[in-house]
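Report on the structure given below.
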Amino acid sequence: MSKLTSLSEAIRQHVHDGDLVYAAGFTHLIPFAAGHEIIRQGIKDLILARATPDLIYDQMVAAGCARKVIFSYSGNPGVGSLKWLRDGIQNGSLEWEEYSHFGMISRLQAGASGLPFMPMRQTGALDLEKANPLYRRVQDPYGGEDVVVVPALHPDVAIVHVQRADSEGNAHIWGILGEQREAAFAAKRVILTAEEIVDEDIIRSDPNRTLIPSLVVSAVCHVPWCAHPSYTQGYYDRDNDFYLRWEEISKDEASVKAYLDEWVYGVKDRAEYLEKLGKETQERLKPGVRLSAPVNYGSY
Amino acid sequence: MSKLTSLSEAIRQHVHDGDLVYAAGFTHLIPFAAGHEIIRQGIKDLILARATPDLIYDQMVAAGCARKVIFSYSGNPGVGSLKWLRDGIQNGSLEWEEYSHFGMISRLQAGASGLPFMPMRQTGALDLEKANPLYRRVQDPYGGEDVVVVPALHPDVAIVHVQRADSEGNAHIWGILGEQREAAFAAKRVILTAEEIVDEDIIRSDPNRTLIPSLVVSAVCHVPWCAHPSYTQGYYDRDNDFYLRWEEISKDEASVKAYLDEWVYGVKDRAEYLEKLGKETQERLKPGVRLSAPVNYGSY
Amino acid sequence: MPEAEYNATELMIINAARLLKDGDQVFVGVGIPNLACNLARRTHAPKLQMIYEAGVIGARPNRLPLSIGDPTLVSGALSVCSMFEVFSLYLQRGNIDVGFLGGAQIDQYGNINATVIGDYFHPKVRLPGSGGSMEIAAWANRCYIITPHQIRRFPARVDFHTSAGFLEGGDARAKTGVRGAGPQAVVTNLGILKPDANGELVLAALHPGCTYEQVQANTGWPLKQAEQLEYTAAPGAEELRILREELDPQRIYI
Amino acid sequence: MPEAEYNATELMIINAARLLKDGDQVFVGVGIPNLACNLARRTHAPKLQMIYEAGVIGARPNRLPLSIGDPTLVSGALSVCSMFEVFSLYLQRGNIDVGFLGGAQIDQYGNINATVIGDYFHPKVRLPGSGGSMEIAAWANRCYIITPHQIRRFPARVDFHTSAGFLEGGDARAKTGVRGAGPQAVVTNLGILKPDANGELVLAALHPGCTYEQVQANTGWPLKQAEQLEYTAAPGAEELRILREELDPQRIYI
């Protein structure tokens, strides 16, 4: 049963004011197009969860979509800081809840596994554990050190971008996997965006590559270049120029407004964004071909 | 640095009397050749751990290698029972420790993750929990039901068969993954057997397929048909005739002795076994070709 | 009712298939449950999906699988994951609608013993053990049991709780907090048992030609009848044809 | 010593590279640690392997990676796994020899603050936070810190323990039971600090032309000297050549 729909329809149906949203992706496959659509639809009071909020959450905070962030590293990776998140936390206008990377993804792992919590070894650094009451401790019933635990996270909606999926939402992902799969299994609803919609036979040719099954997917959206200015392995490179430019754009309200007006409110959807981005930029970001060696599953 | 060695050398170096051995594989990739080599070398007092002991552990018990088994399902899959394990348990000559499947693989998952234990939800069935004191309970510090926990398992040696690996032990696996990866990361030493030793470039062409890294591997052995009469996806089918025959062979001591004399003690190594097995059987078990669709990693 | 010829195994498979719903995500073993699922897919439940404890999702086998990990289940499947993942992400997470269970003993409250006859530490007969059934019985939304109806298989109390039915009945299962609804039907060659409000297995349906007395004679507790005792329709010609010609032409299981 | 020209960043990279051993499994970020590892690989540690928190093992990048998740790290790598897996199977399991750490503040006992200046709930300056450094500092066998030597970066006590060094010194770290040995060296542009038996960072080595007084002036606690104060060799011509011509020809980091 096809779950194909437009991204704007999927956001309208599955993302509501006040929802806890997890737009997944560790530097890779960050679903910028979905973030922009949420901004365009004026959705409010969101709790934005992500290990690394990246520019997309800074933009969503700047656009007034969020009341709270949950994160483990709030920086512009390899460049600097996320001004709107930082200022929101500093001036008290934005609630926050903080973990280490492993704490954050362990929350998803617990959620994805149907467990109430995940244990991890102690780290000796107690200040975050003290600051965040959701960090707890549990005795090791085998006599070792107490373990630290974090509770399951069940996002209302996870947004997960992938390289290719069939129309039912069975998805192949390769390259950096981040927390894509855990977010999809942990969430109540999943919006899957894909660079390519392929025939089911392509998916079935390599079942070990299918990290997200249709079973957990609510909507499938065909969104080429969904991740720009982040990247999709094998499809396009990270647009590092933009990551550098955001440092400047984000400095004052006027330039952020100008950016949003031009690149978010000023375009209807990602197709228009892509047209506006231009062929030249697309060409610049296209990698050469480097194919995986095939494997033989055998015909039995 | 190449870790290539013969299987007999690898067993000699890494498997000692009294060791806890985990020969991995859920119906797929069961390393029969390694089990036979352990029998040939007359290694004793082993603790044999496996979710599904399968014929190979029945043979090792029959040959006198084991003092204890740890398992979650002790049957001849799709056929019947494992007579030597069953009789050993019934007559008290074999120690045993028992879990459900999820309990068993959760022990490996804890071991692989460096955790003291793994939690799982309650199942309502208490008898095994009562019979095996290593099942414990832990309070959910978030106020939910208590969870059941099992302790980390760290085999002295894991034996893991794979389709292809480079000479350092970076391995591609596809098809049913069972507990191959968890066993490798949980164990103190890892013997990797492979159908094919390939150039590092093949491995590097598809890093997402590398489930076991050289980092955890102690020895790499090139052992075509290592898994027969079990199977290797894409290389050969399960020899179901033998699974049926074992039901007969295992019925009395004389026929087991005859089998071991002919197929284990009577051959030097898997190459001789394979020659003895004959071209016809090999041809019968060869599947047709069914290749995975390639993915583009991109040249960056 | 036309007097179609069928055997006990065919009867059980066909009645099990009828219990499955379109779109069900079924955690399935080889043999009879596998045949029941495939029959349902070719009749009223084309969107039913089979998930194997070996970690295979959406298998599309070219031949009848002979083991739970048959390579034909993998080639052309939608997804394959590790055993830890299939038990955690699918079963424990609550993504499985139906689980199939079997065992040497099933008792009055649907508890199953697949572990041992006699004392656990001094076994009279040692059985294979839980495998995944402890978790399937607890976490699948609903479970079905398929088994021949013999008195030794239906004691009032099992020797060992390998997997939980309704435990001692009443709210005993609910109180454990396990997520699944437990065994919803036991399909035998004589009829179908279902739990009543107290979790006790009662006779819910009789197969053609079978009587209550026959079932009681093969059941180890005083067997109640459901208020509305039903009578199953005999296996249809088309069901039998699919089963015999398409699914198990070599008659390996049937 | 020949008066080779080099800048502070080059000096730090080269000295960090010298601390790495052949065969080390290094958990590494982009920028300076990445350059130090690659320099070590091309000089004395060809078998050193780089593992990125993004889940990349044995990267073989064709270009200088610009982010921790740069696609050039993936193409041609030995293995790629999920973030949960790299933190559990590699870091928590004890498979990582060396971790690199950074932060806004490093204190007398090697504790690091990358979270906040001022009060956590009413921050004066909010910093990015832990990322993986809480776990790296605890579980890597040994850790190195690379940072410019400035007084504001070296307070006697950090405002917030983002990751554990030797805590309050003495056996405080050992008592927590964390597996790693903690920070083994802090490489700055002036010299190298190392923990003494009490876990206190002391001056272990001076770079060419630097003095104890200079280091003390930039350190927020009375800085002890190691019993055997060492003097690092100036960056060699070959080290500089590799760094400038092969590793960062566009001078993005150096």
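Should a chain be cited, it is by its letter among A, B, C and D, assigned in written order, with residues numbered from 1 in that chain.
Here is the rule we go by: a contact is a pair of C-beta atoms (placed from the backbone, for glycine too) under 8 Å apart; a residue touches a chain by one contact, two chains touch by 3 or more.
Everything quoted here is computed from the prediction, not taken from an experiment.
Shared contact partners of chain B and chain C, listed by label: A. Centroid to centroid, with C-alpha atoms defining each point, chain B and chain D lie 40 Å apart. For this pair, chain C with chain D, the centres built from the Cα atoms lie 58 Å apart.
Chain A and chain B have Cα centroids lying 37 Å from one another.
Within chain D, residues 56, 70-71, 74-76, 80, 88, 92, 139, 179 each touch two or more of the remaining chains.
Under the contact definition stated at the top, the residues of chain B that touch 2 or more other chains are 114-115, 120-121, 144-145, 174-175, 177, 205, 208, 233, 237, 287, 290, 297-300. Which chains touch which is summed up as A-B, A-C, A-D, B-C, B-D. Within the complex formed with chain D, the residues of chain B that make contact are 1, 112-115, 170, 185, 200, 203-205, 207-208, 210-211, 213-216, 297-300. If you check the complex, the residues on chain A that touch chain B are 114-121, 136-142, 144-145, 147, 149, 151, 163, 172, 174-175, 177, 202, 205-206, 208-209, 233-235, 237, 287-300. The residues of chain B lying in touch with chain C in their complex are 26-28, 51-52, 71-75, 77-78, 81, 86, 89-90, 92, 98-103, 105-106, 108-109, 120-128, 131, 144-145, 174-182, 231, 233, 237-238, 240, 243, 287, 290.
Residue ranges of chain D in contact with chain A, taken from their complex: 30-31, 53-56, 66-71, 74-76, 80-84, 87-88, 91-92, 111, 115, 120-126, 128-135, 137-139, 160-164, 167, 173, 176-179.
Taken together, the chain D residues at the contact with chain B in this complex read 25, 47, 49, 56-58, 60, 62-63, 70-72, 74-80, 88-90, 92-95, 139, 179.
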